[in-house]
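Two complexes follow with subunit A in common, the first pairing it with subunit B and the second with subunit C.
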Partner chain A sequence: MSKPSIRLALALGVAFAVAPSATTRAADPADIVIGSVLPLTGPSAQTGAGLKAAQQLAADLVNGHVSYPLPAVGHDGIPSLGHAHIKLVFADSQGKPDQARAAAEELITQDHAVALIGAYISSTTATASQVAERYGIPFLNPDSSAPSLTARGLKWFFRTTPNDAMFAQNFYDFLADLKKTKKVAVHKVAVVNEDGLFGTGSGDAEESIGKSSGYDVAARIAYPATTTEVNAEVEKIKSAAPDILMMSSYLPDALLFMRGLKDQGVAVQGIFAQDAGFIDPGFIKTEGDDAEGIMTREVFSLEIKQRNQSVPLIDQLFRARFGGKPLDGNTARDFTGVLVLADALDRAHSTDPAAIRDALVKTNIPGSRTLLPWKSIHFDATGQNDGGAGIIEQIQGGKYVTVWPFDVAVKPVVWPMPPWKH
Partner chain B sequence: MSPRPHLIALAAIVVLGLLYAFGSKDAVTLDLVFTLFLYATLGQSWNWISGYAGNISFGHAIFFGCGAYAAALCTNAGLSPWLAVPAGALVAAALALVTGFPTLALRGHYFSIATIAVGALVDTYVRTQGWLGMANGFELPIKNGLGWLQFSDKGPYVALALGLFALVQLATLALERSRLGYYLRALRANHAAAASVGIDERRWKLIAFTSCATFAALAGVLYAQYTLFVDPPSTLALSISIDIALIGVVGGIGTLWGPLVGASVYVLLAKEVALRLGGSGKGYDLVIYGAIICLIAAWRPHGIVGSIIDALRRRRGAADVVSVQNPAEAA
Partner chain C sequence: MADAAVEALTTFALLVAGGLLTGLVFALVALGLTLVYGVMDVVNFAHGEFLMLAMYATLGLALLGIGPLVGLPLVAAALFLFGIVVYRIFIRRLLAGPPEATVFGTFGLLVLIQGAAQALFSSDYLSVPNRPLQGTLHLGPIALAQSALVEGAGALVLTALVFAFVEYTETGRAMRAVAEDRVAATLMGINVQRINALAFGIGAACVGAAGALLMLSYPVYPTVGSQFALTAFVVVALGGFGSIQGALVAALLVGLLEVLGGFYLSPELKMVPVYLAYLVVVLLRPQGLLGRR
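Right after this comes the complex of A and B.
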């Protein structure tokens, strides 16, 4: 797309975003109901509100007339179904597994949803998708990363996002790439994680993939995220003398470990974080120069515009709807999830759940037609998108910049990370 | 007072509940009703030790968790979850014994503190044990039939929850009229006086505590087979224990019908607040819910049923009711 046409698309898009319901017509085929289970109240309500806005934006673009280099958008609904519009109906999980279950049931039995999407928090995705399985309704999960979700043998479950095991695999892929381009010698790995659902899943994957890739996992340290001191843990890291450290931590514990590593003079070539505490704005603010060189996995970056020009346009539309907040990894993935369902609906030529499921199985969307750094969207036999991948960012000059995969990188990697300064 | 009005009320609830369970196809309301009776059962279980005996428990979720985890382990091992009924109940009773033995005879808040501590211990222990699913918990495989305690319709679940509630309600009615019930209330009203007439505080309270722990475990088995997912935050966390205690307090501590009323308020309020204020993304629902709880605590410390009993008594002008018979008085 040339520059002026981008601007035109943006202008049209904004106008469209302001008046999304202006296109409603009377003699149209009935709307196709897609049920969405999200944490709209409770501790994750803030995130849930963003996900809801992103999904609604995607649905409005599917029902609209503006084209972007994205699947299923701009055709005034679903062409193969007489341009029927898709209608999202939201139900609240409160972030609780039992409520997610009830929400899924409500969407299927009362709103007659032909497919479900959701539900962000892994445990709520687990229960909501079981309901869908029981009723024989496709469930598309764009945003939960617990590896176990696709290990259940469900027939109606599809996950577009990479899972934590794939993110861990990315670290080792990155190391392999690094060994090819630079002469780095990395053999010993220490895996450190908080002992909750998030840290345990990430840490398990990092440990097992590391071992199977021929690395020496010299230490595996799990600690409670609510801890107030980590001296013993840091001593264990020091005595293991790893080349790199893989960390799954929230902010307070990430800061504790940073202080401990500096106090005890533990030097490593690189620190790889599973986002969370390390991407909190407070992390760079607190650590200053010592944060330089730390790397994290990410699911999305606005810098991906190099690959798909619609990234900044969708970001603009999203900001207009969501209080100026930028598109992020969660909202970009949920936006994409709705498009994947719309794409499957069009190919299904039917709103029969079994037909939609068959179409989902045959999904094959190139990564360059998504907002995400993925190779493709294509489901393996377990329902996991096997074309998913994360990116790796590094703190350089006080902010995170994309350094891997090399084709979306904006800066070269700094390796090894600089020594502690404070 | 004769138990007859209570029995009639319970029978009416059971009959109406069963008619509804098998007559309705409305999955959402059936889900609410199931949750209501499940929480009412948990509230009543809590009420035994905290209402009638007067020792406030903040660890009741672990007994619920015993049942839920027993069911998850059984079903995942290919065994019938009916086995989890005795297994979960036994583990819960054992935990109650271990927690209660050193603390139930202590004065003040030591018992409450101990229940919080044991709750945290169990939660942490489960999170570190591979065979208990660590932080990930378990999903239960989908099966069908009474043998698996799983049904494709909600009706049987609601009927089972209703049946469990009715059993616990009958047990509570019996408790109110039994030696155990009188001893507990005497101990709560004045433990020194009770002890001076030879009531062994530890013994009777342990009986109450272990009994009510088994009720909670049974509710846990049913919950696991219904939700098909068990993990520490949804079955063992302190927040679940507090929810259970709130149901008891809001409804009316130490009253037969308090837990059912408390659970109704809890379930409907949670649903209603979430419905009307949800989606704003600001967590107002939690704030408002907390405020309502504060208001009830400040203005109606006897809970809803306790206040009704008070009002009835005031109308009768009956100062002759011994406070032991109205436990809310001493709470």
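Right after this comes the complex of A and C.
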């Protein structure tokens, strides 16, 4: 299929996804409007289309009659509000912070949304949620991982996804588990990150958690994401001679680093990536054998031993609506986000934003009732879900397979990673 | 103690080699920009987008089984024609307007080409399948990427070719005449429109060759041009607008400063010495290192 026709198919998939549900009933309570800010055009438009389809699927299941082992679905709307249906209204952020601010403003003032959800790209989530805070409207963020978002002291901001600091913690938890099961000796860590919001946030967490867990953080290397060469960075890594590398990079820089590390023969036991460039489809394709053994954090996988039996069913429903594309970490998280809002609405017995906020604060959903490998959904004082956790995947045989947590792993971890092939 | 000194020296030599090779790539990208400015006083803001188009063209050929090195002359030729067409239907008209017209016009071209690439190719990062020259060359303790060496050598050869063309051929002489004094050149019977179109075409061909070589080590995506264009503008201004040798010298300097600054200062601050050098040159020698006037 050529590119344009793929895009047409995607567009059709989205069109089906947003088609109004067939049942419209007379004398029903008014729909409850939830505003969704997503990057529907611009560089992240393809991801945005998937997120929109996933959110709409969740809303349709909340408004439908079929029940799954998931919160708030199959009750023909919100039971405590006379089975009122939820209605998602989408606004485009274009992936830009100022546009996200305008979109949030519009959803609140024009569409009278009682809660907002979004906005995927961390910098757009930051501005959109600030608007919600000003108006006193709950903002549920299912999919942005910059640690700083929950460090702003906002009252109306709730984040269900684990953030990059929690993923960093996962890396060290994994290392601790690895030390218990295999006799590995890891002392020196080098933290390498692009110097934007994403890289700095995860790099800071990797450095501070490493230090407090007794590791020697031998090098902390922040570099501009727009750089076209990494000669100095690679030399710095080489002279630090770390046992493992932790990397937060986009694709072009990830490829430059792989190239440089190989050329300079920098040997490490493991490379841990905060997804991004290392999970781009272009990464494995370009690196081939050199990518073997690279590990990344991930939020979701269809292949792990699922704790919730509805995962394959939701995956099928999603594929049917979205051009056959499988449910992934982003779409699974956005799907779950809508259900968390619906669950709070039901417990709030009201569409008053303050009541919804109070209900969100009391959220307590066991992880086994979500699609994700989480312990629970429960918000701490900053609005961060403290029951979230990631999984760790490793490239084996040219694809990513889950290797941690060990109880859901698909394959055993290969440690140390294979040496560079020349 | 002696071991530490040897190690420090090896590191330094490695960084210098890396910096020079990086600089050569910058020179290659900047070459077309400075040539166009020299001949017709136009700063082509869409220069980076020409690079991006060349990279997509290289990728397209690679998908048809023609690798970047074999594809290089084809891409350069295609960009040459593209440059002539852009000049004929677009730049020529801008030149007839006020001086700002070329600034806003070429900036508009940047937005147009970038938007079109996004719509046509999506924003995915794409690399050439089975990239050639992925090996490492060892010179004693110094290891260098083969792709970087080929990019560097290609840059040197191309710069020399363009320089020789401008210096030693009849057409080149006509180009210099146009650069010197457009009116006088016209009076001497030189067809300025033809020379301008040719210069624009050659400039585009240079960046076309650069795009083909860059695909050895870099992925392509719609905004990749801006990544390289910013450095190219600094190189051109530093070396002297319109000076081919100046661009080469400045590019090597920028590459060295970036890599050495990145190591001995901090990777985060690696562009600081580059912009400082730029600032110093602009203050003390506004025409650039090898610029005239």
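The working rule: the second predicted complex is superposed on the first by the 400 of 422 C-alpha atoms of A that agree within 3 Å, B and C clash if a C-alpha of one lies under 4 Å from a C-alpha of the other, contacts with A are read in each partner's own complex, and residues count from 1 in each chain.
In this text, contacts are C-beta pairs under 8 Å (C-beta built on N, C-alpha and C of every residue); 3 or more make two chains touch, one makes a residue touch a chain.
Here the structure is a predicted model, which means the values were calculated and not measured.
Residue contacts after overlaying the shared chain place A:T181 against neither subunit B nor subunit C. In the superposition on chain A, A:A126 makes contact with subunit B only, while subunit C stays out of contact range.
When the shared chain is aligned, subunit C comes close enough to touch A:E235, but subunit B does not. Of the two partner chains, both subunit B and subunit C are touched by A:P224. Contacts of A:Q110 after superposition: subunit B is touched, whereas subunit C is not reached. In the overlay built on the shared chain, the residue A:P43 is in contact with subunit B and with subunit C. In the superposed model, A:L197 makes contact with subunit B only, not with subunit C. Judged by the touch definition given at the top, the superposed model places A:Q94 against subunit B, while subunit C stays out of reach. Look at A:N364: by the touch rule set out above, it reaches neither subunit B nor subunit C. Once the two complexes are overlaid on chain A, the subunit A residues touched by subunit B in the first and by subunit C in the second are 42-43, 45-46, 195, 222, 224. Of all the residues in subunit C, the ones that touch subunit A in their complex are 11, 14-15, 18-19, 22, 25, 118, 120-127, 129, 131, 134-136, 143-145, 147, 217-219, 221-224, 227-228, 230-231, 255, 258-263, 266-268, 270-271. Every residue of subunit A that touches subunit B in the complex is listed here, in rising order: 40-43, 45-46, 48-50, 52, 90, 92, 94, 96-98, 101-102, 105-106, 108-110, 123, 126-127, 130, 133-134, 146, 148, 152, 195-197, 199-201, 222, 224. Residues 25-28, 31-32, 35, 124, 127-128, 134-137, 139, 142, 152, 223, 226-229, 231, 233-234, 270, 273-275, 277-283, 285-286 of subunit B are the ones that touch subunit A when the two sit in their complex.
Residue ranges of subunit A in contact with subunit C, taken from their complex: 3, 7, 42-46, 195, 221-224, 226-233, 235-236, 239, 251-252, 255-256, 259-260, 262-265, 280-282, 285-286, 422.
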